[in-house]
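Going in written order, the chains are labelled A, B, C and D, and every chain counts its residues from 1.
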């Protein structure tokens, strides 16, 4: 199948190579000429003009957008006037599912199919076998299934149906991921504060072999400790890129009690600060009623 | 009534004066001669010998222990051989209720009554009117009620009955206190991070006048902000002295879901650290699967 | 001052009487004739026509809206064409602060002042002395301050300034309220599960007299137990009306770690359910790996 | 190697067969003759007399205890007088690590080695390849390593060293497990409450193929949904058997902030109840201050 690939960042480049490895044709676009060159050297067509890309493809087109979620609308906006009825737009970044539903509806007015695809597995997955969660029209799905089947790991794609359902699944996937990662982190923190002197790499290794908590995240934990035995070189600052927050916000809207995912998110925010105003207020109160000393700056 | 007052720290001295103000007689002990002198100047008898104190009192004695919880056993151990059947030992510090039940049983074998008393209200309360939660024998309570009634604020004492029930109530009181303080602190943290530029003292003041959350803790919050408008001078390090932890441990034993009190405690522990091992593990994992940058030390 | 009072529900009626008690004139509107009659009997003018109300007032008008937050926009929409430059619209319900900022900006285009007012203290407060948190233009504030001063408890009003700042404060106030209530509830749950047999009304009473956690909420707790000693007659279903959720959502937007307020909200949601899907999944997993029995429906 | 296997419950029987499959000799004890018979049919020696078992083995003995943690002390107490210097006692159940340190010290006085072993992987692991976390003396470890190597999955055993360090690791392993399971459960609860109609088995399946959260627990989730597509047949009551609680208690002792593990535990407790006293108090308070209706029983 011929795929118009829009966005050649870390994920897009790896995906493009994955498609080519699997005998699909790739026509790629990025504003960055170096990325386009790299893609072309691997066997794709390429251009730094989005208009040119779209116009070069025969209809019905298959356009795969792999860009940061905050530029998806501008990409679609630029493409929209050029699209023809029956074209299929795949958006495989980390967009909010409500945005995807809106985009689906907007493109539907033009007769264009919009598919929202959550992609998991990181860069290595994009390159060698990703995991896809997919929403959008059945008619479009019947056309594009081969490119997902071929670039996913075995059984690593799931067409869930309704518009938005792919990005919703990916959002919840990331919420679970936040909780799992925090659970692992907390466990090692208990080890670290304990009276015992563990070799954390070996701990992660044994937990990856036969234990109930064996998992890819534990394998990554093992890798991380193999490089820096006590993680002495890094700070425990936990950034986040949105999906965990969206999961909690969605849970609040659905009145779903998700304390574990919520706490994993709040502790990320807590890690961004050296000190907290909450702490100051509580310390001041303890001083007020009990004369407990506060620590001065 | 004549009271043998053991321990003249911040709480003991204030209580002694409170007793004297209310026409009770006080015979006081402390190892610190300066504290004994201060108490004597206010009208008490005093000694730096615990043995002398006990021997000087006529039976049935009323002995009020007001010492740190980690020295209660040594005080009782030193007194025990000197006590007579019918004596009443009041322990009004922050002891674990299970310790109080143990002490009750130990002294019961000597025919000595043991009363466990949780005291709230801080130093000002001890001086001018405290709040007491009291467990122990009814027969002893009938004897000592006047000294509690006279040194408490109006309606500020409650005889709960069974041995340990006083310290249990005080423990739970402190657990609630942890949760309330954290709620107040979090609220001000949201204000502090908001787009608005509030005068926190005035906020606390309006919340103390007619609002649902008016409370003594909010009054103390107002006081604290009146002294340091943005709490710039103090660190948000939240120490703890045990009762909150006991509350959570007890809740676990009772299988009671107490997430608010538990989180208020865990955030105190979190505030003791500049960085966390949990954070390091999570940051390392984000780097492993997503190539997200870690912050180096 | 003459006040056009829009909305004669529980809060509006009490406020109208409060205004009249304090020598202000009230011209009231509600769709419900019975409420209008009650207000007129107490000394107000009244009408069931919003248009008539607005047209009957001389400019610059002072219009106080006291309606459910979901009908505020329709009320303002109906009034807007009738308003004159310099009119002052006070919205004293529980609106989201972002809505208030939007309304402020919309009315500003007409030269109309919009004031967002958070009101605390419940019905009794509206009747006898409320607590107000107020945002909006200084020029408008200078005009309307007397009606707030007169209907609030002493020191029970605070003009915070910027548009939205009043409803923001009220939102956070309610967030703190959620946390405090949960802390109190959890404390009594620990008592209830304990080996001791407490009289909860007496516990609440002693905690209201001299203790660190004395508060209006604890007084209400005492009231509640005085009517139903063990709360046997009611279910522990905790509904919510939005402000707690808004507080948590705002905290997420501000990356403020507010675990106590967040957990108090999530436990409310949990209380709406008899069973949870989370629980089913965990129970099924325990069965899968450990052969632990599940409970069948 | 010849192993005296004490306890032929689900885990012990599977382990015994595993040992025999791997060419070790097993001399087994259980009070239940049927279990002993089953073990003997598979090739072991067996007896219903613990004394007989111990006396039948040549010194230095290797005794593997696989019994519920609450009977470990009685087993050891019965064996102790029969043991000889140099014997090795392996305790591979779910004991608290502090109990294991105590037992280590007690047996050390007799010159007997005590090894604390956390075993993960469930019944299938015990049968076909378990995961072991091991504490105890190096000298004993050098003797018994072959039986762990042979009955574990590849790389599925870790000798951590100090007495108690094996059971400590297992405890923390289970704490992580609690957090991971809750994260998975909460994720599916969000799906279940969402506007989408997912096939949960297929969701779990795609998440097991290439996603970041692929894990054995997610495989078990897939299994569970394959048997009961919406878990309609089971209740969401989450029992617990101690290790999660121990993890949280240990975290409190170490002042380690572990909110995710703590909340996963508290939600298990919450699931044991139909209604809560916390909820009753909060509902009553909402009624008191705001007139919000309570739900009557």
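Convention: a contact is a pair of C-beta atoms (placed from the backbone, for glycine too) under 8 Å apart; a residue touches a chain by one contact, two chains touch by 3 or more.
If you're wondering where the values come from, they're calculated on a predicted model, not measured in any experiment.
Asker: Specify the chain most distant from subunit A by Cα centroid.
Answerer: Of all chains, B has its centre farthest from that of subunit A.
Asker: With contacts defined as at the top, give the pair, B-C or B-D, that has more of them.
Answerer: B-C
Asker: Could you please state the distance in Å, as a whole number, between where the Cα atoms of subunit B are centred and where those of subunit C are centred?
Answerer: Result: the chain centres lie 34 Å from each other.
Asker: Just how far, in Å, is the C-alpha centre of subunit D from the one of subunit C?
Answerer: 49
Asker: Any idea how many Å lie between the Cα centroids of subunit B and subunit D?
Answerer: So the centroids are 39 Å from each other.
Asker: Give me the residue numbers in subunit C that touch at least two other chains, ranges are fine.
Answerer: 122, 182, 184, 186, 189, 193, 212, 216-217, 255-259, 263, 266-267, 270, 276, 278, 289
Asker: Within their complex, state which residues of subunit A touch subunit B.
Answerer: Those in contact with subunit B are residues 10, 122-123, 181-182, 184-186, 188-189, 192-193, 216-217, 220-221, 223-224, 228, 231-239, 241, 259, 263, 267-268, 270-271, 274-292, 294-297.
Asker: Would you pull the subunit D residues touching subunit B in the complex into a rising list?
Answerer: 212, 245, 248-249, 252, 255-259, 262-263, 265-267, 269-270, 272-273, 276, 278, 289
Asker: For the complex, which residues does subunit A have touching subunit D?
Answerer: Within the complex, subunit A contacts subunit D at residues 120-122, 125, 129-133, 152-158, 160-162, 164-165, 168-169, 172-180, 182-184, 186-187, 189-191, 193-199, 202-203, 205-218, 247, 250-251, 254-261, 263-264, 266-267.
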